[in-house]
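Order of writing sets the chain letters: A, B and C. Residues in each chain are counted from 1.
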């Protein structure tokens, strides 16, 4: 396109809106696609938050009837599906898209058109899933939002028990976004292996790049089984097949195996990039190199491998043999070792440093505390007999929200505050950022700390109401109150994004005095990224430039 | 606006990274292999578990001839690529078209087998677990063969409209990786369906 | 206190889990305290000072000994937790089966529980009666778990961990309650619209009370003449879903009603078994448990009364 060949960072604002929108819709530029993914994720974050709020208001006390059981069951299904597939995954892919080529000194991703195709397939999935709400009720389930839970266990998803098309909206929208995910993963791997700038061996890549590489490998190995299982489900529902038809000898447990072979690595897909954000932010704000880079890489690869072998810890209660249960206890606990090593290495990075508590670092420090707790509750759940009590209860719900919100979302917020200046050339407002942090922190802890307790007191998940007299009432009330604080925090965040986009303080190239390649170019970067292909000699090329008397490559 | 210059170390760098076409195709192959693995696992798990209906040993006959055709097509595509790297375009085209023909014969064989199974033996995807797993696994493979054939046909169209040149050899090598993958999958499917499962 | 507290075990499986959980929680708490304290220390001690001289601190790239230390110690902790878990798994999943054991076949339905006692010739629903088990002469109850439709899960926290009910996949669990009483729980695997109201009530009874309950359940109600309610029951096809022994009603889709008045609740615990709720349930099930599989039969009020009166004779 002719207007893209002009080597300017900003085009005149007087171009007609239609033309600018058209550029965005047809873009193959990794930076624009990254922003599209992230905007998409933020919209669905709000939607998923509304769904959560409806559920929490329904559960604020026993026997409430704010919504019917049918609507509640759609809420928890849509909340889970939305947050995983249309918030967390797009956030991960958006940041990977924007940052990876910049951090390896490349001009774009390896396959820009595949990149655009992948984004739009994911977007299509999200839009299609929400179209299900418009499907209309009619005969219950005949064309309405899915209500089978985000893991859609068989045989509830068979034609017998799920009449109508709600399950099909779930299946087809995730097949579409699955294609998008696999396309993006192919792109990320190829970019990292084939487009690194001269001198950047695999051992000299920023840790964020390593973590995204392993994440992409997991996507390829894990999302494909989900797609396979979903094709089987479609064949069951429409061609009369019997994969999960228990009356014909099919097995509901086979669906569980196939789903969790996807489902468990999926959570590592989400958390590894979060580790990447922490691994870039913590060193810069501690003013120290990452402690134990090679060990961090090995730990990441170990998590990737072990993560493929733990899936049946989601199935401890289905009646597997004692031997099988015992194996999955061991593999699940094993993965705590490399994960713990990472926490220690981040702490060691901060040790002896000069920690600056700017907003990105506040979010990452909170992440460290919270991820520690989340990992430890995970260890308790790995103990299969304990899981026989805690599984499918609110203890599990508290655990995984602690990881995803307390771990992943917190580091993602940190990443927003850290890289927003690079993307837009303006700082996010610090006061609004501090308010965002504290409000969300309070709300997160009110909701998810106390949510463990109903689980310990016997409250199962996915219930639209509960009985009084079981000791669950007060805790559920506190959990719901936390939602208000989280909503307020998100509101401040949204305001900060908009305000700073319009009126933020100019940031310059390198507002944080950081050390990776992206900070060497202008903010926002030129459309071609690097006018001269960089050549690097160490893991922190800008440290070498800023400290020519004491460069990293002498010590690595 | 331009990059901060980062110093070149002494001596020139010998910086060679793998080709992105190859790496991308390996990743695609890995993803497809994962999908096939799930269908193969389902097939193996459900062996002998059909409650009613025809059983494999009653109705399956190993398609030896069609298998040989498909495996031979891996050889012919390899030869075609050797020809084009040497610039022998017409020789390339003959071997390329032979590859398509052999792939087409394989698909014809599958269609013939299915016709016999459905109309003579009464085995459909909904008959029993064997029908379900058989048609989905073999069908998934046939779908991948079809996609591959469409790609190969597209290349021949480019040849006949004289747009194909010797410099495209590397891209065709990447495409041939996919074709070899489809053949390897057939070896696995054949073994599982016609040898182990019977 | 809380009737569903996992930390108040009253049966051996729950006891074993409780003991293991305390061990695990203590370990995890210790790890938490140590790492939390270290993190807090780091965050406070190494803050950059206000009058910072902007010189970068010493850059430390790693240390093999430190990495080894914080690899080996977690591995040892993992090993300890793993061995403790393996022991409890084996003891719960492969229990000895003493001669006094009672067998109950539990079948999960959308949204109620069916109980069959094959050795006692009893069929019941929703409220499970079992004898208390004396550790000296154990009389545990072994449950075989089946499902008639979707997935369910049997979870009575004070008696045992949960085990799923999966169609075409029989599961087994056991309980040996040490004290009499009523133990509560509910379905713990999402099974459809009314998953939330598929409640569990386990009545653990001293031996003599349990035997008396068994005798009452084994009797078939005799009725000399057909009451109007019974006639309505039989002509309105209620028997398509429900069984009442000694009558033509032989349906198995819904709970067995032969001894419905021996139960404290109806609709799997969704409502107490009172005359008013019983009538409401028969007239309009959706008012009690919206989305349950019992259809509103559209009976006029006097027929509802008659049927309820008939059911109230079934003790």
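Some observations on this one:
Keep in mind that, in the parts below, contacts are C-beta pairs under 8 Å (C-beta built on N, C-alpha and C of every residue); 3 or more make two chains touch, one makes a residue touch a chain.
In this text the structure is predicted, and so the values were computed from the model without any measurement.
Here the two chains linked by the largest count of contacting C-beta pairs are A-C. Greatest Cα centroid separation from chain C: this falls to B.
Chain B and chain C have CA centres that are 50 Å apart. Centre-to-centre spacing of chain A and chain B amounts to 34 Å, using the average Cα coordinate of each chain. Residues of chain C in contact with at least two other chains: none. Residues of chain A in contact with two or more other chains: 249-251. Of all residues in chain A, those touching chain B in their complex are 9, 110-111, 182, 185-187, 189-191, 193-196, 198-199, 220-225, 227-229, 231-232, 235, 239-243, 248-251, 254, 258, 261, 520-522, 526, 530-532, 534-537, 541-542, 544-545.
In the complex of the two chains, the chain B residues touching chain A come out as 1-9, 13, 15, 17-20, 23-24, 27-28, 30-32, 34-35, 37-39, 42, 45-46, 49-51, 124-126, 128-129, 131-133, 136, 140. Against chain C, in their complex, chain A makes its touches with residues 68-70, 73, 149, 153, 155-156, 160-161, 246-247, 249-253, 286-289, 291-295, 317-319, 321-322, 325-326, 329-330, 333-334, 336-337, 340-341, 343-345, 347-348, 350-357, 365, 368-369, 372-373, 376-377, 379-380, 382-393, 456-467, 469-471, 547, 550, 552, 555-556. By the touch rule above, chain C contacts chain A in their complex via residues 1-7, 14, 16-17, 20-21, 24-25, 28, 31-32, 35-36, 38-39, 42-43, 46-49, 52, 56-63, 66-67, 70-71, 74-75, 78, 81-82, 84-86, 88-90, 92-94, 110, 145, 149-151, 153, 155, 157, 160-164, 166-169, 171-172, 184-197, 199, 269, 290-291.
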